[in-house]
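Step one of this worksheet: look at the structure below.
Naming follows writing order (A, B and C), and every chain is counted from residue 1.
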Amino acid sequence: MKFVGEHILSVSQFARSDIDRLFAVAEKMIPYANRKKVTRVLEGAILGNMFFEASTRTRVSFGCAWNLLGGEVRETTEIKASSLSKGESFYDTARVLSGYSDIIVMRHGQEGSVGEFAGASRVPVINAGDGANEHPSQALLDLYTIRQEMLGRRKKVDGLRIALIGDLRFGRAVHSLCELLSLYENIQFTLISPKDLSLPEKYLTLIKERGHQIEESEDLHAGIAKSDIIYMTRTQEERFASQDEANKYRGLLRLNQSIYTEFCEPNTVIMHPLPRDSRGEAQELDEDLNENPNLAIFRQTDNGVVVRMALFALILDVAEQIEVSSRDVNWYTERRFN
Amino acid sequence: MKFVGEHILSVSQFARSDIDRLFAVAEKMIPYANRKKVTRVLEGAILGNMFFEASTRTRVSFGCAWNLLGGEVRETTEIKASSLSKGESFYDTARVLSGYSDIIVMRHGQEGSVGEFAGASRVPVINAGDGANEHPSQALLDLYTIRQEMLGRRKKVDGLRIALIGDLRFGRAVHSLCELLSLYENIQFTLISPKDLSLPEKYLTLIKERGHQIEESEDLHAGIAKSDIIYMTRTQEERFASQDEANKYRGLLRLNQSIYTEFCEPNTVIMHPLPRDSRGEAQELDEDLNENPNLAIFRQTDNGVVVRMALFALILDVAEQIEVSSRDVNWYTERRFN
Amino acid sequence: MKFVGEHILSVSQFARSDIDRLFAVAEKMIPYANRKKVTRVLEGAILGNMFFEASTRTRVSFGCAWNLLGGEVRETTEIKASSLSKGESFYDTARVLSGYSDIIVMRHGQEGSVGEFAGASRVPVINAGDGANEHPSQALLDLYTIRQEMLGRRKKVDGLRIALIGDLRFGRAVHSLCELLSLYENIQFTLISPKDLSLPEKYLTLIKERGHQIEESEDLHAGIAKSDIIYMTRTQEERFASQDEANKYRGLLRLNQSIYTEFCEPNTVIMHPLPRDSRGEAQELDEDLNENPNLAIFRQTDNGVVVRMALFALILDVAEQIEVSSRDVNWYTERRFN
C-alpha cells in the first residue's frame, strides 16, 4: 500500500508493514493531539466530512484530526438534506462533492455505498462506516490501542491473548479487528458470546488459516482468566428483527470490578468500541470500573484522533512536513486527568 | 474566581470583582468583533460546540466568538445523532468528547446535565443552557449591556432602576440577571407580571437579603415610569402544561412607542433576551420601536460576542496575548447601521 | 453594479459589464479552486452560511468557496432549530445574525424571504434560493459554464443556439438563465417541454423584447439538432399538486448517448442544473452519457466554486489582494479525472 492518494475502504487493504508505517506516523502526532504543539501543515486544505447517517463521535473525531493538521472542514450530517433523496446516484454525488474538497470522509447506512462513491470520486475517500460492512479507522484505532497498551506492559501484539465478548455476530468493529490481528503472529482468541451471536464462519476460517488459536465459550469468568486484553461490545440492537429479540441478550454478559478482581490477571486491559450502554439493564461494562487504570476505553477514543491524523497525513503526503510549520501551544492545556 | 481552566456553569460562581475583570477584557475585544482588527491568538485551538438542543443564535454566537480569536469549531446540533440516545452516560460522553477539543460549550435540555458532563470532562466546559436551570453567558451579556448603556448615559449600575416585565416565573434569563445585579449596590427592581408568573420566592429573598428594593406590580404603565432599564421577556410557552394555558398570558403585557412616549423617562433603555414573538397576538415589544435609539436588543446580541470572547480568553489564559498576533482588517466592513 | 458591499438577490441586478467583470475574477480563482495555490486573503473573516432549507451541494459549495479564500464558516441547516419557528420576524433574525459574520449566504423556502432579510441585515447577503423565486449564483455558474465551453470550442455566447428542455414552467434555474442570456446578442432559444410545463409568458416576452429568437417544440429530436448547448432539467416534482400529477411528466423527455449520436451536431454541450434523477423511470440524462466528454454537468458544479469565490471577493473588495498571500499547495492534489 502506498497510501498517497489512495482510498481507505477496508481493513483488507492493509499489510502488516502498512500498519507499522501508519502507527509510526500516529506516534509522531501525539504532541499535536495532546496540545503541546500546533502544526499548520494542511492550512488551506478542505475535508468533506460527509455523514449521511447519524454519528457525533466519529464525525467530530475525524473533523478534529483534520483541524489539528491545520485544515478546514465542510460537513453534512443527514441524508434527508441531500440530493440522494431526490434520486441522485452515488456516482453523481461523488463527482460533485469531490470537486469541493481535498479528501472525503463518508458514512452511509448502505453496505458498499462508500466503495461505490469512491469509484467516482476525484479525491481520496475514507470509509467511516457503510452499514454492517466496514469502519476501518475504528479497527485501526483499536489495534493501535492494543499495541500501545502492550508496549506499556513490555509486551508485543505478537503472542497476544485477547478475549472478544458480546455480540460477535453483528459487531463490525470486532470483525475488522479480527482481520487486522490475524496479520500478527500467534494470537490466542477467546470468543465469548451467546450461541446465536457467535463470530461468523468467515472470520473463524481466516483466523485459523493464518495459524492463530481460537477457543469459543459461553462462560465469561473462565474466558477472561488468561487474557491480556478484554474487548467487550454492546449488543447491536438495531440489527435484530425486534426489540424483544434484542432484549433476550441484554445484560447477559457483564463485566464489573469484582468479577475483574476475582478472575482476571493483574493489569488485564479492558476495551470497548463505545458507546457502552449504561442503562441499568444493560451495563456490559459496569461504571464501577471507571477508576480502574486498566480501563482503556477513553484512551481508545483519544487514539482515534492520532490514527486519523496519520491516515490524513499519509494519504495527502504531508507526513514528513508536519514539523515544518510546528510551534508550541500558547494557551491553557492542562487536562484534569487522562 | 481564577477563570483559567475553570468551568462556567452558573452565575453564582461570579463575585463582583470577577465581573469587573471579565468586562474589562470584553471591552478589549470590541475592535475584533467590529472587524477593525484580526487576532489569531487561538490559531490551532478547537472549540467543541455541543448543542444537544436546538439553538441557532447562541450556537453561532459562541462559534463566531471563537473564530474571532482564530480558533476552529467542531459542532453537533442534535441529540438524536448522539450516543446519548443509545444509553451512553454523560460521564462517557464527556470523557470522549473532551479528548477532541480545548474547550467545550454545551447545551442540553435536561437540568443539571451540563454540570454532570463538566464533572467528567478533561477540558473546561461552558454551560450554554441546561433546561430551566442556567444559561450564564446570557445573564453576563445582559449585565454587560446594562453597564454599557448606563455608561453612555453617564450613570452606573449601582443605583440602577430596572423594570423586569413578563414571564418572571419561568424565564431563566431573568433569574440569573437578578442574581448578578444583586452583586451591585442599591438596585431598585420593579417586577411586572401576571400573578401566576411572578418571580420565584428564592430570588425575591436573595434580592432583599442583599439590601435592594423590590416593588411588585401588575400595572405596566406605572411600573415603567421611573426606570433606567425596561427588561421585557416573552412567555416561555414551552414550559406550560398546555398551549391553552400559555395563551392566557399571550399579549397581556406589551410595550410600543406610544406607551413608551407617554410613560417613560427620556432615554429609558429597552432590553429583551430575544427572540421576541412578533406574531400579531403576542408582540411584547412592538415593531414600531425598531427606530427608537434606546431599543438595545440588537446591541445585546452584539455584546454577546465580546462577552463570550472574553470568557474564552480568560479561561484559556490568552487575554494578555490578544494583541501579539493582531493586524488590521483588509476587507470591506462598513456596516449599514448599528 | 459596484459589487462592494452589495446584496446579491436577483439576476436582474446584473448588466452585461458586471458579468464580464465577475467572470474575469472567477478565472483568476481557478488555480486556487484546483488546489495549485492557496490564498489566505480572508483569514479571520466569517461567513454566515444560513440554510433554512435542506441543501447539501449549494451549502457546501458556498462554504468551500469561502474556505478557499481563507475564511471561516458558521452554519445553520434547518429551520426548526431557529428562532423563526418561535415567531421571530425576518427583521429580528437579520439584525441579530448580521452581527456575527462579515457576509451572509441565505436559503429559505419562502419567496421574497431573503430580500426581506437583506433589508434588515447589517452585512451583505447573497440569495442562495428563496423558494420558487431566485437562486442567482446557479444562473451565474450556468452562464459561466456556457461561456467557458464556448471558448473551448472557439465560439462566443453572442450568437449561441441553446435548447432548454424539460420542466420550463417551475424551474427557477431556467428562468434566471434566460434572463441572463438575454443580456447577450442574438441568442436562439429552442424550448422543448410538455405544453403544461412551458416557459412562463413573462420570460418569453423578455427574450423577444431583447431581440432574440424563440422556437417552441414538443419534439426532442428535432429540437436538439442544431444546438450548441442542450440544457436539460428534472421535473420539479415538489411543485405539483400531487405525485400522480408529477408522474405524468416523468421520463417524457430523455436524452441518452444513441439519441445524442443520431441527432446532435458533434461537440454539442450537455448541461443540467443537478441533481439529475437517476431512478429508472426518470433518467432525463441517461448514465450512458457519463463518458461523453461533452457532458459538462460536473464542470458546472466545479465552476460554481470559482463563481462564488468571485462573488465573495468582489463584494468584500479583496479581488485585487488574492495574490498577496498566495503560495503553492504543499499536499497531494492529483485528481483522478476531470
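Here, a contact is a pair of C-beta atoms (placed from the backbone, for glycine too) under 8 Å apart; a residue touches a chain by one contact, two chains touch by 3 or more.
None of these values were measured; they are calculated from a predicted model.
Participant: So chain B and chain C: same face meeting same face, with over half the numbers shared, or different?
Facilitator: different
Participant: On C-alpha atoms only, rotate chain A onto chain C and read off the angle in steps of 5 degrees.
Facilitator: Rounded to 5 degrees, the superposing rotation is 120 degrees.
Participant: Taking each chain's centre as its mean C-alpha position, how far apart are chain B and chain C in Å?
Facilitator: So the centre of chain B lies 39 Å away from the centre of chain C.
Participant: Which positions in chain A are in touch with at least two other chains?
Facilitator: 72, 77
Participant: What residues on chain C touch chain A, complex-wise?
Facilitator: Chain C reaches chain A through residues 35, 38-40, 54-57, 59-61, 63-64, 67-68, 70, 72-73, 77-78, 234, 274-279, 282, 287, 290, 297-298, 301-302, 305, 329-338.
Participant: Using the touch definition from the top, list the residues of chain B that touch chain A in their complex.
Facilitator: Listed in rising order, the residues are 4-5, 41-46, 48, 72, 74, 76-77, 80-83, 86-89, 91-92, 95-102, 121-124, 315-318, 321.
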